[in-house]
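Heads up, the next two complexes both have chain A, just with different partners, chain B and then chain C.
Entry: the complex of A and B
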């Protein structure tokens, strides 16, 4: 009886965990780690949030000025001159979204070289998308301030989610491929 | 592998439970206007992963 129990336990231990279960465990772990890191380090420190908010506002102001708009940037506030301004608070800077995007890329199986590349490109593209979103807010609020709440609530679905879903989907496809240029 | 994961999960839960029991809590959340629909986005991401990984053996 005893030897057969030993064999059974060896078989049980050697049974591999499915990729789907492993993804769910890793995704949960990465998300929990991100929440701890953000709530206990980044949020009290505030510098990362402030950097994302201020750089987003400044770059959106530069973009609008380049396109011929007369804008004024003061700290977190961007204003089309003579109109109502928009203040970019920390919750609007996209940091939570960047964490969610990165969590999926890290949790989904694939080679780390490609994963790092995908993370950096995706985070950069989302940062640029947030600049466009802030510029859109400034122009929209100058012209249709009565509808600003609606624009604010649904802007993520236009500016962020198509990009995130596209990059997630591409990562699920590309992570499987054997690439000659980027050895995995 | 599965044994290690179980050990890791039990350890994490135990540590979290102990921390919470000591009264350690997150700082107050500042008033923010969060980006909406993150839960929905996460659910769609989970669906994409499930669709791709459900039949994969290794």
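Entry: the complex of A and C
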């Protein structure tokens, strides 16, 4: 015998996914995809890493020369003449931070034209920050080589993370979207 | 609540947040991170090295508060793993605590506790020559850390802009 539905039976409606859950799923997907792409394609290939390292070193060299420093650039190595040089390896070129920045901007809701523009501006600012960081390393190593490890260890907290977090925050404001933690 | 009280409350929220973030920076950089670096260098890496003694393909090195696993035969590259309750947790937890988002704070604490199981399992699978898992470990590291930071920024934006600090209702 099939039980009949009474008048007071509650019919469960399928609830739409919350904006926060949707954001977390999208962001998780973007970050995972980026990391797989990086580990399986970009890292073994090495060209993108090499490009970022070499261009960073060259531009940092030009910047320091412009500011009156005597520097020598040779491949990945930047040296203030007469002092110890600094080698920019692939893990040190900020590529992972670019992925970290991009994932949030892509996943957080907002109009795509604004998003693309904001993404490009942020990536460019991070690239510039990396150039400043490399220039800082070269000058720091020339003057205080005994403290270089400390400067290297903590440099991301000064040059990268504040920019990433600030740009994320700005995007949540600029995107003109409703709050996603507590919608409405 | 009148306009003056609202403004005062808003100002107090910012003040508490700035004080909390300042305390976080000092505690993390001068206490938590050095302790984690010591734990990685003196406890985790030696344990992993002794486990892989018979397997020369793996190189395991402590790099600050990360440990780095590399395959000499290039089966995978540059695998960095952090201990649970690392800087990404503490930064987010500080923001959540300052803005009283207790439910999300609980979620990230539980996830970090779960990492005490997740990490050893994943590393055990990898060190038993299941190289396919290396990109998954790397992706997991990236995803959970990024999501923690993202949650921190969302709470920061929405917590400070709200007049009434209502706790989140998770669906």
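The criterion applied here is as follows: the second predicted complex is superposed on the first by the 162 of 184 C-alpha atoms of A that agree within 3 Å, B and C clash if a C-alpha of one lies under 4 Å from a C-alpha of the other, contacts with A are read in each partner's own complex, and residues count from 1 in each chain.
Here is the rule we go by: a residue touches a chain if its C-beta (ideal position, glycine included) is under 8 Å from a C-beta of that chain, and two chains touch if they have at least 3 such contacts.
This one's a predicted model, so the numbers in the text were calculated from it and none came from an experiment.
When both complexes are overlaid on chain A, chain B and chain C end up clashing with each other.
Touch criterion met: A:97 reaches chain B, while chain C stays clear of it.
Legend: residue contacts after superposition of the two complexes on their common chain; A:145 is shown touching neither chain B nor chain C. In the superposition on chain A, contact of A:25 is made with chain B only, not with chain C. By the document's definition of touching, of the two partners only chain B reaches A:160; chain C does not. In the overlay built on the shared chain, the residue A:169 is in contact with chain B and with chain C. Once the two complexes are laid over each other on the shared chain, residue contacts for A:34 go to chain C alone; chain B is not touched. In the superposed model, A:75 makes contact with neither chain B nor chain C.
Counting contacts as defined above, chain A residues 15, 17-18, 20, 23-24, 27, 32, 39-40, 43-44, 91, 96, 100, 104, 107, 153-154, 157, 164-165, 168-169, 172 meet chain B in one complex and chain C in the other. Remark: chain B residues 1-3, 5, 9, 12, 26-27, 29-38, 41-42, 44-46, 48-50, 52-54, 56-58 touch chain A in the complex. Of all the residues in chain A, the ones that touch chain B in their complex are 13, 15-20, 23-25, 27, 29, 32, 39-40, 43-44, 89-92, 94, 96-97, 100, 104, 107-109, 152-154, 156-157, 160-161, 164-165, 168-169, 172. Against chain A, in their complex, chain C makes its touches with residues 29, 64, 74, 76-78, 134-135, 138-139, 141-143, 146-147, 149-150, 152-159, 161-162, 166, 168-171.
Residue ranges on chain A touching chain C, taken from their complex, read 15, 17-18, 20-21, 23-24, 27-28, 31-32, 34-36, 39-40, 43-44, 91, 96, 99-100, 103-104, 107, 153-154, 157, 164-165, 168-169, 172-173, 179-182.
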